[in-house]
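Please find one structure pasted underneath; my questions will follow.
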């Protein structure tokens, strides 16, 4: 049993949230929440429905927990109104309520799309300036800035995980570079919870592989070791290739997200 | 007469907006807008009232302009609801409407409070990772990320000016390091408008002075030369010093903004 | 079958060219060329004799290919007249003819001797300024500059491989740090051809080993993984050591190339 | 009288050579040479005609001098054959003959076009990797590599001056950033000759001005202070502006050199 | 048999010295010395008692050796008088006597406590400025400065090994990041002796493990590969965790050394 | 009157101490101390004789002061015994006694000789690793490490001033790059005392001049502006030049200090 009593998981009904719920449940006391309805709680778990864009609701769901895994939010491009509510306001509410409640550790589900406009031939680490590829990506830049603010001002520790392509397996060339298996992501979340001191860490959530773009050296203290390797799936994908075009979807790390609406020349 | 036909100035009723309105009016055709009522237009100027958090209104006020000086927004700490509307959503709306209308240059009023948690003994330039000192500062981190996104994806150029302490003159020790005179700020805005190419530039809006903290070398192509120097006012302020305490207001560049609510230890 | 129709291999009669010819032939349609006579073509291959210092000949041999592996050139110190013809002019001709013919990818055989005057105790990556150890090395600095020029100006992608000591096995202490096996080099060439996007990449052509000097992190997107490891051969060589002297051959990465003619102090 | 006995000036009939001849003549014993015919020698000067692409001629003209100012070469884009002879081979010959003759200091006329493909909004210093905008620029990358080689291997000191726009005055917007007056350039050459130790220095040859792109901090030991300032001419040029287009001539530091033949996207 | 005839081991009676004595004895001729009495010499070994703070004694014990492994010194916090004698003066004496005797290689037992005040979430390499956590740590900063001085001025090569936690196995969380097994440390000492050229190298003495803080890339030329991995012991230790506090012992790499006497806030 | 009540000046009988005594006396209450006898105290001053290598004496002389300007120490190369007593032990005693007495600010007289082995053609700032040119220089590396330790561990602020050539005027070529006038040095000490927050700052004590080697950007917050400029004296010195040799005295920033005893190659 780890040192954390109860962990709150937000976004527990989402694609990633579901896997984290399964992974975390045997290890800690878990409080799972989502704006959508959740499967019934299992042993050692409680579930709550909550709209985190409401600060009162956020405070309520956070009461009594020791740490938070904040995965809630719209995980794709959306209108500014939707993004403002679900990603900007909700994330701020989570940090503010956590601070008010004395919670000292938050794992935040950020995204590789905060650096989606770096070219694929450039390795990127945690010191790279944000170059989001979407409004969605920009909303995560805001979330990371809020995380840093609460560490600098209030001593609330955080790990911002820039999640790659969370999938069962990579299914195209870009994902050979960006894939993270569910179990690797869950392990990284776990390391982010149990590492004694994290300050305000930025980590890339990515499995192993020879073609990765992201340098995780700034997160070495977490002791995360990927168990899965994208190279395992490389051969079959390469053989399907054929006629890869030169355009923003190939040139930039954000891939189709960077290409969507692209007209920069 | 410069190469720009009409420039839109948002936040024209604000403290800085008022000065920019005076400065820009003789130089270009100006459209001044604010959510508050404005003084009557003068020669070569039109005025419009506009709530930029409404995307339709944003598109309307932007129609027909060639460049935008976006100074609108809440210039201090506020609730997440206020910040979301006036700083997050409104700024996104301005960039989105500008892109839709074919506007190719935006000067964005950012703030030194995006780096307010750097210690005062550390020089900071445009490559420093954001360390905002307030939710307000974090909202400007978002605005800068949006600016970068519209450059990378849509070729909309921008200069994000991290404005220091815009005042008639510095009135305390921190402002000796952060002061920007209104005419220097206006000149920097002007250089941001007329420089042939700016890409996505980040500039510090600060007058000259031997105790400055901000390295503006990444904005050298703008050719901005401050006319005013904070050192002029240094002697009288130092003499008032007496018993400066060691705490966050002295230790961090954000000064009282960083100290407000500080409990990091 | 990869996405490339036909690949031109220059320098196909050379020590490295011979191995690449064998490696590439089963994988793509190959056109092999050299200024020297070549072995007869095999299945899926055509051969041409060509002096690349003649721009007309260069255009002729490049007609109809989709990518080029440019290994031709004098691979050792030589007079300026020889170097100018075989390395400077010929390389420029290859890039110019490739651009004229619409070829979009060139793999260029550069050399570790472009950084041969870095001390052996300093790790070097692709961002190190050139410090060639010979006129030969300087000629490859020129070739890399041409590669960058054709990418920046014409969109011709390239991978400049700074080849280490291409040998069956390392035979002295320096080669424990610089050795590249033929199959590792061929695999790196292959990755340089099939990676969807490379821009203007600089890669070190070196096998694995604990004593390597070259940091290949700027070429990580190629996904190259060395299969051979110089450490395998380390023990026997160390035992032959005896009385290594302190001089330029030991002090600089270029080894005997740096020492040849050395009189700097 | 300085410590140098006789200085050889190559390219003495060129636009810059003429001015240097005037500047240097009163200060040292001067040997002026060019492939073209020269005005008659004046007091304290001798003149020689020499084709430096001929190594015998190079050795002959260098015999007996103490330092060299090597300005010869084609100063614009040209064919590879012309560039090879006048810039590549001739420059190598100068360094090789200087070393053979025991000359210990060479000032080399390089060009800003070795970094002509950096965007104008990016400040560039001596540690930037080469991004030439022309074959001409690439030939100067080679020359700088040769200079470094002769320092590392033979202890021949050099200052490579990346000359900006050497003109009587700036005549367009780009030249506001790149202009070097003849007297500033001559002063920089002089400082390069008399500074006690220079190793292998890279310096930008540029006058003062608020819109410069080049950071000369790596050449601070030369003690060069520009007397002329491009800002003096800024106002009249800006007023001519009107309708600056967005294209490679505006986007890249090389200006029209970068744009000439540009088809990268 | 390696190229070194006789190696002097200082501090041979200490915890680490004892293990090095065992490791080195079969490989080279060894002279073991300590201020304390030593076990009787074994085959191929001689022993001497020596107070290295006495320069005459230092010269005497160094006479006739080819290289030195200098591990003597107080390995913990102590008074300035003790540190001055055993760590400051003695280390200087060793380098000065080695130079006088023509010894060309010294392996110096430095400590991770020269960087003990870096936060644990920050990876540190050899280019980090010293931030010692104790007077003991500061004394090793001095030792490293002396090593650099003797390389720069006298050509005496050195490897300063910043030894982590040398133990049979890690016994607490911090040691999971800092542990070095005795055999790994001995192997690193060995590599430091036999690598042909080391200049003035700084290396971290640490075994493998996923949670390490120290980046050894500046010592890659030594070819050191750790055989032991702290992760092997990670599970049992984590389970003992329970209630790790936030304080200097957790926040800083020096752990309890940084915390001892800490009153910075 | 500044915010400091009483300032202790150590080394007050030395060349620099004498000038500081004159400068500080009118501005603050001054306690002047030296191991040598001092001129009689003047108005607002008390004098004490003290051997700072005695910790009891150090505590005694520090009792009751608010800040310390620690200039005591041997200012030239000396034996390890002398350096240990006067520079190593005494400096530690000053910091330890200051901490014990609650003193929160120390200005430490360090030296440019901590970086004396950097080549003169390389600009050096506060982030450069130490490369002392003498045991004296290494002793100041130790002093700076102690300063950092007391800041990190105990919150004692310090400014380490790497003093250049403190003289009435520069008298040779090296001093054109290293000269600091007494009044500039005194002004820098003053700024180090009155700047509200300094943390652990490293500053170069050097006057203005176009040929300086040291980049003081890490000390910009001090607001120090040199009033004197070495260029004023440059012409006469250059004319004396004649035949500067290539050797360590010219090649390294430490000049004759680096050359004294040099036998590195």
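As written, the chains take the letters A, B, C, D, E and F, and residue 1 is the first residue of each chain.
The rule we apply is simple: a residue touches a chain if its C-beta (ideal position, glycine included) is under 8 Å from a C-beta of that chain, and two chains touch if they have at least 3 such contacts.
Since this is a predicted model, take the numbers as computed values, not measurements.
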Exercise. Which other chains touch chain C while also touching chain D?
Worked result: none
Seminar exercise, completed: Hop count on the shortest chain-contact route linking chain A and chain F comes to 2
Exercise. So what's the Cα centroid distance for chain A and chain E, whole Å?
Worked result: 40
Seminar exercise, completed: Per the C-alpha means, the centres of chain C and chain F lie apart by a whole-Å value of 52
For this session: Could you grab the centroid distance between chain D and chain E? Build each centroid from C-alpha atoms only and quote it in angstrom.
Result: 50
For this session: Would you please write down the residue numbers of chain D that are in contact with two or more other chains?
Result: 155, 265
Seminar exercise, completed: Pairwise, the chains that touch are A-B, A-C, A-E, B-D, B-F, C-D, C-E, D-F, E-F
Problem set entry | chain E - residues contacting chain A, complex | 119-121, 123, 173, 176-177, 209-213, 215, 231, 234, 238, 241-244, 246, 250-251
Seminar exercise, completed: In the complex, chain A touches chain E at residues 2-3, 104, 155, 194-199, 201, 217-218, 220-225
Exercise. Which of the residues in chain B end up touching chain A in this complex?
Worked result: 55, 80-81, 84, 88-89, 92-93, 96, 114, 117, 127, 129-135, 137-139, 141-142, 144-146, 148-149, 151-155, 258, 261-265
